[in-house]
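One chain, chain A, links the two complexes that follow: it is found with chain B in the first and with chain C in the second.
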Partner chain A sequence: MAINLRTPQAETRDQRLGTITQWQGSARQLAQDSTFTYACGRDCGPGGRRLCELSSPYSQASMCAEQIAVTNATIIKDTVVIQHSPIGCASSQSFTSRYSRDLAARRGWKPEDPKSICTNLSEQDMVFGGVDRLAQTIREAYARHHPRVIFVATSCATGIIGDDVDGTARQLEEEIGIPVVALHCEGFKSRHWSSGWDVIEHGILRRLVPNRPTEKRGDLINVIHLGGPDVFSPLLNPIGLKVNLVMGGNSLERLADLSTAAATVTMCFVLSYLATGLEQEYGVPEIRAPLPYGLDATDAWLRDIARLTQREHLVEAVIAAERERIAPELKRLRGLLAGKRGFVAAGAAFAHGLIADLRELGITVDDAFSFHHDPTTDSGDAEQDSLGHLVQSTGDVPNFTVSPDQHFQAHAAILRAKPDFVICRHSGSMAILAGRMGIPVLPIFYSNDGLGYEGLITIGRAILRVLPRRRFYAQIAEHSRFPYQDWWLNETDPYALSAEAAE
Partner chain B sequence: MSRKPKQIAIYGKGGIGKSTTTSNISAALAEAGYKVMQFGCDPKADSTNTLRGGEYIPSVLDLLAEKRRVDAREAVFKGFAGIYCVEAGGPAPGVGCAGRGIITAVELLKQQRVFEDLDLDFVIYDVLGDVVCGGFAVPVREGIAEHVFTVSSADFMAIYAANNLFRGIEKFSNSGGALLGGIIANSINTDFQREIIEDFADKTSTPIVQFVPRSLTVTQAELSGKTTIEAAPHSEQADVYRALARHIAGHEISKVPTPLSPAELREWSARWAEHVVQMERTERGERARPRVVA
Partner chain C sequence: MNIQSRFDDDIAGSFSAAPGPIEQVRYACALGALTSVIAIEGAIPISHCGPGCASKQFHALSGISGYQGGEFHVPSTNIGNKEVIFGGADRLDELIASTLKVMEAELYVVQSGCIPGLVGDDVANVVQSYQRRGVPIVFAETLGYRGTNFTGHETVVRAILDQYVAKQAGPAPRSQKRLVNVWSLLPYQNPFWRGDLTEIRRILEGIGLTVNILFGPASEGLAEWRAIPSAALNLVLSPWLGLATARHLESVYGQPFLHVPAVPIGAQATSAFLRQVAEELDLDSGPVEAFITREERDYYHYLRDFAHFYAGCTSQYQLPSEVNIVGESAYALSLARFFVGDLGLNPGVIVLTENPPEHERETIHRSFRDLAPGIDGEPVFEADGHRAHAVIRAKPRIGELPLLFGSTWEAGVAQEIGAPLVEISYPATDEVVIARSYVGYRGALQLLERTYTTVVRQSTEENPETAAL
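Entry: the complex of A and B
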């Protein structure tokens, strides 16, 4: 079903895509159940059954959609984000500030602190309503920073009391004369933080992407990524495409160009709401080929881009040249990495991509830990079934755990896997856990590292750098204690505590 | 692309006859050939009972209580003359948050394009009218209802609730919210009651769109689980509701009300209360009947 941009609130991904956060079994089964439940709906071959979610009796730590939405709004240049919330919700902004400066340094921009204000709601505002304070804050934000756009992010508190954020935003927009974009990101609405991507992308689509039908550019391709260095231009410039890199820190100009591009690619289907919306609203086609992780997938991805942008005559030469360029180094890496066992922990489509990369490098991956699972995508196109594609092209992952970043479950999963190394996102939690368990770990903060041909080399080399550090990690483990009882310290089933299957 | 339905919110204090009036308006509109949805926004979830033969339907929030992923269409039921009946529902008394319930239920239907897909002429929200928190104001906010009507009797408490609603509307009118269509004066049988409500309407510059007398026909119809339009289509009362429905169907321009301030309202009601006392005294004096003391 098409995404609905008429309402100010984005529909949650739990509702749109049937997203789950707790599951375990084999990747093959998960892919099959997902297809059975959301694609054909009835009997689609042997082994079909309804996708059921597990339930875990407790949660140690996690985050929510608000953080994703707020962080990704805050790092858009020339904007101010107002968090209409109690002050505690703003604690994640210290991370955003560091992130924003780091991004700036990597992309060659002037490092600046991003601008963000919290309305600091208190008991009084909960009782009497917080919109007056919000209006005042918007005026203050405009006077202080002269932004070109102001985002207003809601919170659980304002969602429950029903503050009319849309009305206030509209009113102030008329008063101060710049777009005031409401982001409805109440944490309680979705079980998974990745719904925050949908919220910010919903806001961008509704308010910051003007329709420019007469300015279509055949040589511009939108790339939606999580953040980090531009690894796309070296891959796409040779076929005559310019990259419009958005999300993960971008300018309002780049967002305004979105509707003029020839096509959109996403480096992770978790972020594909924006791509699907651009196709639906402005006819900018979304590249649906499997993500470019591993040689064959990268070939297919480039060919699909070339097909949609009429560059088929250029692409084969680029593919051949790239393959040839990396072949010697790939061979060397494969030789050194053969037989190693890797454990992948990341979010959904990105995890699937990393597994494909590792397998291309000759590493065995029998265990993975995905932070959530989307059984389908907004386009509903089977082409975007990244897990199904992984299983078909590289084989099953026997121990595939879906867990929203829960330490105690990751502990059991890593213990079961006994890997030579862990490769993960969410370095603050997963990397530290693996390190304290004595396992060499490669944290990936910027998730573009594994993309395309060069990504294989980047990742392979990085793994080779961490593998020799066994003694260092053994030392760490020796001095580490976990807050679990002995029986859990030896438990290798992440869902041993799970009682019953939940709907 | 489907046409945009006319969206109307009817507010009124609990027990004032708001659901009865709303259901009869829906029934009269449907009888006149319009495609109508009635959306009950009251945790009691009984707005549409008389459109469904006295039967309760599962609410949107009942579905949400059962599972995380809700197909809002499962909460839409056909009633009298093909009226689509929906109840927002809500938590049990004393727990949870009924206001958030309304926000969630309305949002679910909007996001799933239920209104567009059914190609409706009218969506009528029947809302508990004390407007005690942000959630109950959702139907009057931007992008939902365009016109608000309030059902009020000459009872002071009902008028207080109406005045509160006017304050809400006044507030949201700055940010694109719905405007006030007028007062539906319900259970008005005496000239005195009529005077009170007319005076209030006058003070708040609000039109009275229809006087609806209290009638046994309505009670009888309700007892049989039906609207008056269905149970007693040829009654005088049914024609009153038809006239009201015609008015609402033709209604185009609503206004920002001028509610009384709390002090003004107190003063206003004190003045009328004096009248009432005066009148009762006169009445008692005229009858000069000794009280029976047990």
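Entry: the complex of A and C
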């Protein structure tokens, strides 16, 4: 299924990939049913069935695509993001500011407040339309900051009242002479927030990546990541590749280089829209090898990159040296972590990666909580079936719950798992939930932490740092209570409320 | 019963003029008032809105500002395409029913966001069907485009008063001579609200009152709310927030209210405030003065010792001479009075950021007169950070050493004008706040500690040669 760049609106991943947010069973079953749903790549033996999503009458506040799209647009330098919305959508600016400054510190950039402006729509605008305010705000944004690009993000409200954001953007683009890129990210349009990645990547692909067919660079590799420190250059420089690190904060120059690279790797397949689009539009090949979580997967990932960039003669030495370098520390960590039970809560491919890491460290993972599940990726290539790969290479995860960050379901899942620690992303509700249950928690804010050979060391050490905090969380657990009824506090089936069983 | 009170419309009317584009946002939308519900022990909000609305408001107000925490596992309909097209009332009904099955609370507050307002869901009707069955549940229409978390707070409070407090069974409440209801700082928006409400409760109890503080750890939760009609007085301790509530309670229960615009900071303001309240309630002055004497003895003991630092016992610090403030009017007023009136600083730029209703602005402006005898503050109403900073830069400062109270957004401009920055307003992303208070007797001392620690650290960073000595 090709990515359609002709329309300003990215198709949601619900439509493109059949993304689901509610399911439970074993990881093996989920992987098998996914391949059944989206045509067989491999491992599609008899017994698979079409994915059937559960539903729950009870649900708790989650997250929306707008936040992902806006956050990741805001941290692109020399741009201004306009949130065309009532004021509440823009209250996340404070978070983005903190994130941006923290990111700057880790990447060695000058810390500065990201530039974002809210059109601040009121009831009158809901009645009469908000495009005049939008035009005024775009002009104001340009006058204030002279950005090189302006993004305009929509909201539920402007989507419903039908403001012509594309028309206004086009008109103002002519007037002020810089790209004005519309990001259609109404929260109600997709069941999962990760559609926000598609929205920003769609905007980048359509407007900010010029075709430069005569400037191909054999030594440049695009690395698309969720954000955080550059852990890639130390791995890829030794085989003669320069890293063009994009998403999670970057410059417009880096985006403009995307079409000139020799290949693209994506550090989480949830973000693979951009990589697939680059291959489709500019012939930049997308590395499909499973993500580099764990030793063998990292070997294979490096070999695949080397193969596609004609560096096979260099890669074996790097692999051997890296394995040797980390071996003593890995041994020490395995010794200290042996017999521990971990619980992983993260989004799809990233969760699969963390599970592989923990298992490589000798930790038992029988329970996982994935915030969504994509049965396939935009490339449609079975190589990118990260769950299938996880199950084949490290074994099943018997209790695999898919839930969009639902606190009550996570409570049941953690109660069932009785882990020694929880490792999670989107720590807003998960981290404190685990802590309140008396369980040490390792929140992963920067998702590159677990990647490659060094990632095993980083994650292993981080787990060891949080384990002693059980002493703190035990007190909290003893002296606080969640306002659930007793029957739910004792419930260990996250989907006990659901009307339908997984048929 | 008309569940949608007229009051909502009043608040909406007062907000109808949006002030134009806003950069560096300093408050949330009306739905953000779900944090006021979370601030009431035993109450749970049920949000009828898009999938990201409730968590964005909560994490913005609580998570990143002061890292305040709070119970967040809010039931939400997480409206999708289906509800936008076909309406979301049935989904809300299903959510409420399942909430009652799973959660445990004394009160549920249904709050609607932008989408149900735009698609026209009849939320009131859904909630009424539960009210008829005796479920303790109320409805507050907190449409995001209709107001801020300040006006949303008043909407939520009004919903609880009219649909919960007023519906309590039993005989009509008897007035208790020494019981007061306090309407003061906005929970979560002000990162120090928990400690401050605790101190306000403490000093009022100190002069012999029983206090419904209503929000936060110092409150007894909904038991206090049920006792609201029995109070002898509504004390509005803020420049404008709470006035609408007090006026309403006056009309419903005949309760008088006392409006004290500035939350008192320091002994001068706090003692004057306590005497004013005592007089209003006709309290015996003996115990009141005894409490004030005891508190002032402590306070001035510490202040005397702080004076060593202030007088310059080591004389290496350049102490600020001009106080600049960017924040909500409540703290801005209190800090201006304390630093000008008690510490002897000159008033600099004062920017009020919460976009208060037009008809309250003159009153707010007036409250900045006579910060010290004959010295007026000239506050500017400005919700947009870019313009606020322009005002700060534009002020001539001949010979003055500025100090800046503000939010994280002020870090850049503070550096530009060479002012130490103390974070006191939303968003305060570089402060971890637990029980700290900056008001009353005890809070004032903590405010001085934080302020002058900041001054010393900045002075040390800027003068490496001094630090090396």
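In this section, the second predicted complex is superposed on the first by the 495 of 503 C-alpha atoms of A that agree within 3 Å, B and C clash if a C-alpha of one lies under 4 Å from a C-alpha of the other, contacts with A are read in each partner's own complex, and residues count from 1 in each chain.
The rule we apply is simple: a contact is a pair of C-beta atoms (placed from the backbone, for glycine too) under 8 Å apart; a residue touches a chain by one contact, two chains touch by 3 or more.
Values in this document were obtained by computation on a predicted structure and should not be read as measured data.
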{"item": "Touched partner set for A:372, first chain B, second chain C, both or neither", "value": "neither"}
{"item": "Partner chain in contact with A:124 - chain B first, chain C second, else both or neither", "value": "second"}
{"item": "Touching partner for A:254 - first (chain B), second (chain C), both, neither", "value": "neither"}
{"item": "Which of chain B and chain C A:191 touches, first, second, both or neither", "value": "both"}
{"item": "Between chain B and chain C, more extensive residue contact with chain A", "value": "C"}
{"item": "Touched partner set for A:171, first chain B, second chain C, both or neither", "value": "first"}
{"item": "Chain B versus chain C as contact partner of A:352, first or second or both or neither", "value": "neither"}
{"item": "First (chain B), second (chain C), both or neither touched by A:163", "value": "first"}
{"item": "Which superposed partner A:90 touches (first chain B, second chain C, both, neither)", "value": "second"}
{"item": "Touched partner set for A:9, first chain B, second chain C, both or neither", "value": "first"}
{"item": "On chain A, positions contacted by chain B and by chain C", "value": "160-161, 191"}
{"item": "In the complex, chain A residues that touch chain C", "value": "56-67, 82, 86-95, 97-98, 112-113, 115-126, 133, 136-137, 140-141, 144, 155-157, 160-161, 187-189, 191, 193, 404, 407-408, 428-429, 432, 482-485, 488, 497"}
{"item": "Residues on chain A engaged by chain B in the complex (per definition of touch)", "value": "4, 6-9, 11, 14-15, 18, 129, 159-164, 166-168, 170-171, 191, 503"}
{"item": "Residues of chain B touching chain A in the complex", "value": "66-70, 97, 99-100, 103, 107-108, 110-113, 133-138, 141-143, 172, 174-177"}
{"item": "Chain A contact footprint on chain C (complex, rising order)", "value": "12, 15-25, 27-32, 44, 47, 50-61, 63-65, 69, 71-81, 83-84, 94-95, 97-99, 101-105, 113-115, 117-119, 143-146, 148, 386, 408-409, 411-412, 426-427, 429"}
